[in-house]
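Letters are used for the chains, namely A, B, C, D and E, taken in the order the chains are written, and counting of residues starts over at 1 for each.
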Amino acid sequence: MPINYYIFLSVALFCIGVAGVLTRRNAIIIFMCVELMLNAVNLLLIAFSKMHHVATGVTDPNAGINGQIFVFFIMVVAAAEVSVGLAIIAMMYRNTHSVDINFLNRLKH
Amino acid sequence: MSNYVYLVPLFPLVGFLINGLFRKSLSKSQSGVIGSGTILASFIISLIIFFQVKQEGFQPVTVTLFEFIHAGKLSIPFSFLVDPLSTLFLLIITGVGFLIHLYSMAYMQEENGADYAKYFSYLNLFVFFMLLLVLGANYVILFIGWEGVGLCSYLLIGYWFKNLDFDNAAKKAFIMNRIGDLGFLIAIFALINQFGSVSFDTIFQKAPTASTGFITAVTLLLFVGATGKSAQIPLYTWLPDAMAGPTPVSALIHAATMVTAGIYMIARSHILYNLAPVSQTVVAIIGAATIILAALIAVKQNDIKKVLAYSTVSQLGYMFLGLGVGAYNEAVFHVLTHAFFKALLFLCAGSVIHAMGGEQDIRKMGGLKKNLPVTHITFLMGCIAIAGIPPFSGFFSKDEILTAAYARNPVYFIIGLAGAMITAFYMFRLYATTFRGTFRGTPDQQHHLHESPSAMTIPLIVLAILSVIGGFVGIPEVMVPNANLLEHFLDPVLATGVRQTVEIPAATEWMLMGLSTVLALAMVLFALYRFSKNPELGEPVGLGKWMRDKFYVDEIYDTLIVKPINALAGFFNRVIENEVIDGVVNGVGRLVQYGGRQLRYLQSGQVGAYVLLMVVGIVILFVVQLFLRK
Amino acid sequence: MNSIITSAVLGVIMMFSGLFLKKKSSIAALATAGVFLLLVMAVLELSGYHFFPVDTHNTLYFDVFGLLFNCIAFASTLIYFLLNGRDMTSIGNYPGEYFALVFFVLCGISITSSFNSLLMLFIGIEIISIPLYILTGSDKRNLKSNEASLKYFLMGAFSTGIMLLGIAFLYGASDKGSFFLDDLVSQKGGPSPMMMAGLILLMVSMAFKVSAAPFHFWTPDVYDGAPAVITSFMATVVKAGVFIAFIRLFYDAFDDIKVHWQLLVAIITAITLFIGNITAVFQQSVKRMLAYSSIAQVGFMLFSLLTLSNLAKEGIILYTAVYSLSTIGLFAILIRMKDYSFEGFNGLARKYPGVAFAAAIFLLSLAGIPLTGGFLAKYYMILAVMQTGQWLWLVILAMLCAAVSVYYYFRVIQAMYFKEGGTQELELSGSFKAILIGVALLVILLGIFPQVLIDRLYIIYL
Amino acid sequence: MNATQLLFWFLSVLALFSAIMMVVSKNPVHSVLWLIVVFFALSGHYILLNAQFLAIVNLIVYAGAIMVLFLFVIMLMNLNAETEPQKNKWLKIAGVIGGGSLLLVLVAALKSADLHNRIAETGTGNIGLIHNLGMALFKEYVIPFEISSVLFLSAMVGTVVIGKKE
Amino acid sequence: MIPVLLIGIPLLAGLIGFSLKDTAAKRWALFASLLTLAVIVTGICLPSDSSLLKFSTDWMGSLNSRFAVSLDGMGKILCLLTALSFPIIFISTWNEEYVKAKNFFGLMLLSLTGLLGVFLASDALLFYIFWELALIPVYFLASQWGGERRIAATFKFFIYTFLGSLMMLIGLIYIYFHTPGHSFALTAFYQAHLQITNESQSWLFWFIFVAFAVKMPIFPFHTWQPDTYEQSPPAVTMVLSGLMVKMGLFGILRWLAPVLPMGTYLWGDTVSALCIIGMIYASLIALRQDDLKRLVAYSSIAHMGLMCLTIFATTTIGFQGVMIQMFNHGINIIGLWVVVYLIEKQFKTRKISELGGLAAKAPVLTMMLVIIVLANIALPLTNAFIGEFLMFTGIYTSRVTNYNVVFVVTAALTVILSAVYMLNMVQKVFYGPENARTGKAMDIQVSEKWLLSFIVLMILVFGIYPEPLIRLTQSSVDLLMSKMFVKP
């Protein structure tokens, strides 16, 4: 497939994630939207990895593998982030019984 | 001896320092003696110098004391010039000065010790500066003396500083002088710019090379200085107010010496003036106008010193008229005679005031000739002298000026003649009101009436004699040929350069003399007749009121100059300074604060808004980048 | 490599310190000793002693610039621990863990100061960020702390997404399909649109991390909400560390195509300077003011990014050092105060002249007054920009902003010295004061002899 | 259009649709479920791109572990009801516009990219196999791999610090 | 070595001062300032080519900045003024009680350091640093020990000057990059203009000039000054107006006019016009001031305007005048401040309207004041006359402007105005009848008499025999002229 298709697909997914972050006010959903953004990037990276492999795979059989490795690391980090993030949200919920970010306005100006 | 000329100003300076620094510890007689003695010493040296200068073949001597200012190519030495002109002035200053010092010793007796010493120290300082003025070999030294005498005048007018009116008068004198000085100063700058020097000899030597326009400008500027110092229109109003000072001061500074500095300066610069006919005309016109204006005002004044003050202004006008028509000798001659009789008149006035216990209003005097015989006689002589009755000194000097004026333009002569008539009139009005008739003061004053002590009368007598005979040093050519000693003496200085006097026939000259004498006599008699028995005591009306109120010149100045400046200053202070300039400065500060307060609201606390703004930021960066690429 | 491994190990040690050390003070002491060790390791590494000769396959690259910065970061942390180690332990119930997280952050900083691959940059940034999310929320019962933590986390995660998209684009656009900095820019022709897109996104995410406007919005809230002792660390060592990563990234990867992105950096710089300084003016709390001031300072630091010259490198080293020292010093005092408002500082000089003196020096340094290091730091930045002969408007803006900054910094000085007030009682030990004054003198020293630090950049033992 | 292409389009549309649904669902649980659908669709793409290992990992880690975690949290907090009050309408519109314009500028920036000859070939290559990935990971990328343990450690410590009830 | 001592002595003394007892600090400060004076006098006595007058050592290698200090004619006269003023200031305010006196005197000595440093530095960066260093202690001094509105007033002053110096910094750096071999050395700066186009000089001029203009201050950058003077403690006011304003003039003479001769030439008329507007404006405002300090402050603005105007006329005579007038103005205005201080100390007011009739009770004070006032209005035989005369002559003979006569005439109007407001002040404060407040006035004490006598003596001596001052600065004037652009 032309790489452009993947690019636009990923960008579209990414922007849906962004729009989600912007429109929702539930912290968990926002966080999920961020995960969507990360996955869009993952898809893009894998597509690029493939693209590079196609381009230079003749000389270097492992060409493009670094993109996949990177995706692997993204997943790792995402997992870590999720654990921390959910812990923070849970802590917040324990204290305020809400995950609505609109109530996060003690700190301003 | 000429090389020791610096001793002349040195003595008064020493006197000033001693009296000034040790005024608390000196007794009155000590400070009086020091004050007068130093002037006497100067006078003696001046005399010696005079006799040296008088000898045939004397060449002017420049005595350089030290390098005063030296910057780049400009070099201004602190040097004195000894020539006939300066020598003559030395004599006037130290001679009359000494007499007035002597007089002051008695006159100021009522002051306490420290103030007494202060008075003499100021007086000595004045003499010092006056001597600098006339001795200076360049315009800067002249200017030092010029401003210095102004300062002393300021200090002495405000001598009784507790009276705020006196202080105002002092301030006014200083400031009006400063206005004139400014013109002088700018003239000096212009001369430096043109000639690269301020020395008289250099400038006069190079003067013909300069353009007429330049010379005219410089001479006019110098004349502005002279109008300030010598109380000419438009800067004359300070002089009558200056009568606030002790009367001997008025005699010395505001009659005999300082106010003639302008004449000295212009006479000194006559080479420049000769090159600038326009300036000469201006000088003559101003002088003539001043004669009439001041004389008219004098007619209706009732303060004995004010009358004399306006008379001084008027007489100075004669001198300027003389200068304006190129009669430098004659002007200087008038300076000399005027110094005698005007000092005399002032001192007499002082004697009267002294006797009257401080009263200066002539309406409250009258019939003083019985009680003050010496004063009366001497005052009368002064009056005759100033009125121009031959053979008193004033006649010679005034008539020589008038003759010269006639030679230039008969209109000048007519104005001068009219002035002379008015002069005779108001002087004898003053004389008659004061000394004739009956006493109109309080009984208490009458009880105290007495002749002044001899320390005061001796100077009166000396000056009276000089007023009478002083004119003989300058007998006109038509009367006795080659008898004009003064002209002979001064010619080496004043006859240089281009002279533009027109010779007039001897017969005409005689006729002019006769005319002025007759008219003056007529006015004298009219005034005596008019005022001896029925002095004018009421409020004047019509023109008389205008004259009494000095034609409202002070008020006009106040309205046209002082008040607008004050208003402008107030406007600057209140509005421009505080609201506009500082307002802008503070406004910037407030704007920043306001910006800070408003920008804070961007920080709304909402995560959604933050992310939105971030996205907007990203979009903007992309847009910029897209545009940048194209 | 010394510092990365040492800090990671120290982090693990601190994790378990709570098990065998019961007293909070001994935990703090251990941490202080640990960071001292770390500093020694870093200095040794800088001097050419590498204890862990690991083949990093080019993912890391140790140069003097990064190593010197490590030393600065660790030294700052050492001072920070010395001054505030005790306060750290009293945030909550997990003193050991807090220190462990700090060490992990330091590990992340060591990585970001020596990365050579976008992968390492990403991991490094995350290693820095994740502990910080937690530290920010470590005052668990304080709602502000919670809120700050959640805000920080959500926005941090978002920016991670931006960063990854940028990295993906760069990867896609690179000729060889590589994450190594040297390979990112295509050698043939100009930068491709995709590369520029990636660059911008990466720039944005880094700007977010260093809190450059308009991506700074998390900063005031998080700095304000976090426990002051954590803010101190975040605003100084961490921010400097990320900034060094920023510089490294652009210096090593995008220096050749400067002309294409300089304007963007200039815009960011201008907005940062403007917003940071202007918003700081009206703050009522010193803590929040310092948050904005840190934004404003980043505006100046961004000059080095704009130019990427040797001068800029020298300057940024000095800047990070001076800025960290000054801010740590100020926060050290602030932490001990109960009232963070400006009024809280009233009359401090009367009661604690030494402390007030030190605070004044720090504030003067932040304001960029000569003879303090802050002046020379700003001076280097200006010099670097002026060297390019461009961006004069930016310099003027910066100067105007510097004048504005004087306003809010001097408010504190005024409060301390010229205003009367019932000063709060502060718990200040003798050693605290001594160290504080020592730090102040150090700031002055750097202002007079910056060569002490800068010459180090050119002594290479590698 | 061959099967691969067909599959590509299907998965793409599915992913986009599910993503939008995730964002617009009012019920958080539904959102989670739609997100899982997205992940499945993406895994399908991975397989098309011969990234088999990642496809599986994506399913196991993301769809399996992470999303379950999300689900648990949502359940625990009892957010399954449509509790979320409506956000300010304007902010919502602004959000959509913001996301839309970001899309717009990204597309605009990339559309001129000269990539038409670059192809991500589907169905070939073996770099995505676990063997190759493992070799790369433990040889060239051993350092990042080890270092990511620090990340995990800190996340672990952090979760404990934050999550533990005091 | 002399310059190093000049900077080092007050610096060390100041630092030591902070650790002394409050009671000892005063004596210590006086001692240190006298020591400094001794050093500068030694420096003046040395031949001008003596190697002791220069010092240079490596400093910031990577910035091409050296610690280079030297003492030339202009430096000598200003250092002499500074070193002379500080003992006068200390003695005149000897009885003033300061809270935390040690800090006060320590800061005073630090400001002395800064001032001397500014006058000595021959490296641009060093100059800038000293420039700021002189400002900081003064800010603290004024804010800590000043009047009621001190904090706001001095803060405005600080931000104002700080902003100005930042602009200067931009200018200096720009020049730095155009010097041969990128150096901050003064000599290199003097060559920089060869590589800077006229257009660049033209805008660059303002960057640097603003700093100096604020410092002097030149209209319309002056509004900080009256407030600051009013609110500062007397000693600080003296430092500010006697010495710190000279930094602005010095800055132009050393770091602006010869460095950017073309820029100076191009903007000469504009700046001159500003100076003149400022002179007249300030003089007029001075007419309306009721506060002695504000009066003196505005009069100072007018005087500074004249000096600045003269600089832009670019003539040997004018420069000579400025150089000696910098010294003379410092002496005179400090004298004036001393008198104002003595009045305020005794009567607890500075309002002219609340005073009056002091002359009868305090004749010595009156005499001293009158002489100082006369010096201020540049009466002949006082020192200021020499300066003003040369300056006006310089302006008049200027070849770089076509408006020289206009400038002279308008500027000279202030000669009249200054007489008006100064004599008004003398009259209202000293003459006239006494009032309740001044009825029990005492004359000044013996020490104060001696101090004022000293000032008066200087006024008169340098008014009668200014040659020493002129000789001292001649070489600087020549050097300056050689660097300037002068229309043939």
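We adopt the following convention: contacts are C-beta pairs under 8 Å (C-beta built on N, C-alpha and C of every residue); 3 or more make two chains touch, one makes a residue touch a chain.
Here the structure is a predicted model, which means the values were calculated and not measured.
Novice: Which chains, taken as a pair, are joined by the highest number of C-beta contacts?
Specialist: The largest set of C-beta contacts joins the chains A-D.
Novice: Using CA atoms only, can you tell me which chain is the most central one in this structure?
Specialist: Here the chain at the core of the arrangement is E.
Novice: Select the chain at the greatest separation from chain A, using centres from the mean of Cα atoms.
Specialist: Farthest by centroid: B.
Novice: Could you pull out the chain whose C-alpha mean position is farthest off from that of chain E?
Specialist: The most remote chain is D.
Novice: Take the average of all CA coordinates in chain A, do the same for chain C, and state the distance between these two points in whole angstrom.
Specialist: From the centre of chain A to the centre of chain C is 26 Å.
Novice: Let me have the rounded angstrom distance from the C-alpha centre of chain B over to the C-alpha centre of chain D, please.
Specialist: Each chain reduced to its C-alpha mean, chain B and chain D end up 102 Å apart.
Novice: So, what's the distance in Å between the C-alpha centres of chain D and chain A?
Specialist: Result: the chain centres lie 6 Å from each other.
Novice: Measuring from the mean C-alpha position of chain B to the mean C-alpha position of chain C, what distance in angstrom results?
Specialist: Chain B and chain C have C-alpha centres separated by 78 Å.
Novice: Residues of chain D that touch two or more other chains: which are they?
Specialist: Within chain D, the residues that touch at least two other chains are 87, 91, 94-95, 98-99, 102, 106, 109-110, 113, 115, 140-141, 144, 148, 151, 154-155, 158-159, 162.
Novice: Counting only residues that touch at least 2 other chains, which ones in chain A make the list?
Specialist: Touching at least two other chains: 3, 7, 11, 14, 17-18, 21-23, 25, 30-31, 47-49, 51, 53, 55, 63-64, 66, 69, 73, 77, 80-81, 84, 88-89, 91, 101-102, 104, 106-108.
Novice: Mark out which residues of chain E touch at least two other chains, giving numbers and ranges.
Specialist: Each of 159 in chain E touches at least two other chains.
Novice: Could you run through all the chain pairs that touch each other?
Specialist: Every touching chain pair, ordered by label, is A-B, A-C, A-D, B-C, B-D, B-E, C-D, C-E.
Novice: Which residues of chain C touch chain A once you look at their complex with the stated criterion?
Specialist: Touching chain A from chain C are residues 118-119, 122-123, 126, 130, 133-134, 137, 140-141, 143-144, 146-151, 153-154, 157-158, 160-161, 164-165, 167-169, 171-172, 176-179, 194, 220-222, 224-225.
Novice: Can you list the chain B residues touching chain D in their complex?
Specialist: Those residues of chain B that touch chain D are 608-609, 612, 615-616, 618-619, 622-623, 625-626.
Novice: Which of the residues in chain E end up touching chain B in this complex?
Specialist: Spelled out, the residues of chain E in touch with chain B are 156, 159-160, 220, 222-224, 281, 284-285, 287-289, 315-317, 320-321, 357, 359-360, 363, 374, 379-381, 385-386, 389-390, 392-393, 396-397, 405, 408-409, 412-413, 415-416, 419-420, 423-424, 427, 430-433, 464-467, 470, 477.
Novice: Okay, in this complex, where on chain D does chain B touch?
Specialist: 87, 91, 94-95, 98-99, 101-102, 105-106, 108-109
Novice: State the interface residues of chain D toward chain A in the complex, per the touch definition above.
Specialist: Residues in contact with chain A: 4-5, 8, 12, 15-16, 19-20, 22-23, 28, 31-32, 35, 38-39, 42, 45-46, 49-51, 53-54, 57-58, 61-62, 65-66, 69-70, 73-74, 76-77, 79, 84-85, 87, 91-92, 94-96, 98-100, 102-103, 106-107, 110, 113, 115-116, 118-122, 124-125, 127-128, 132-133, 136-137, 140-141, 144, 148, 151-152, 154-156, 158-159, 162-163, 165.
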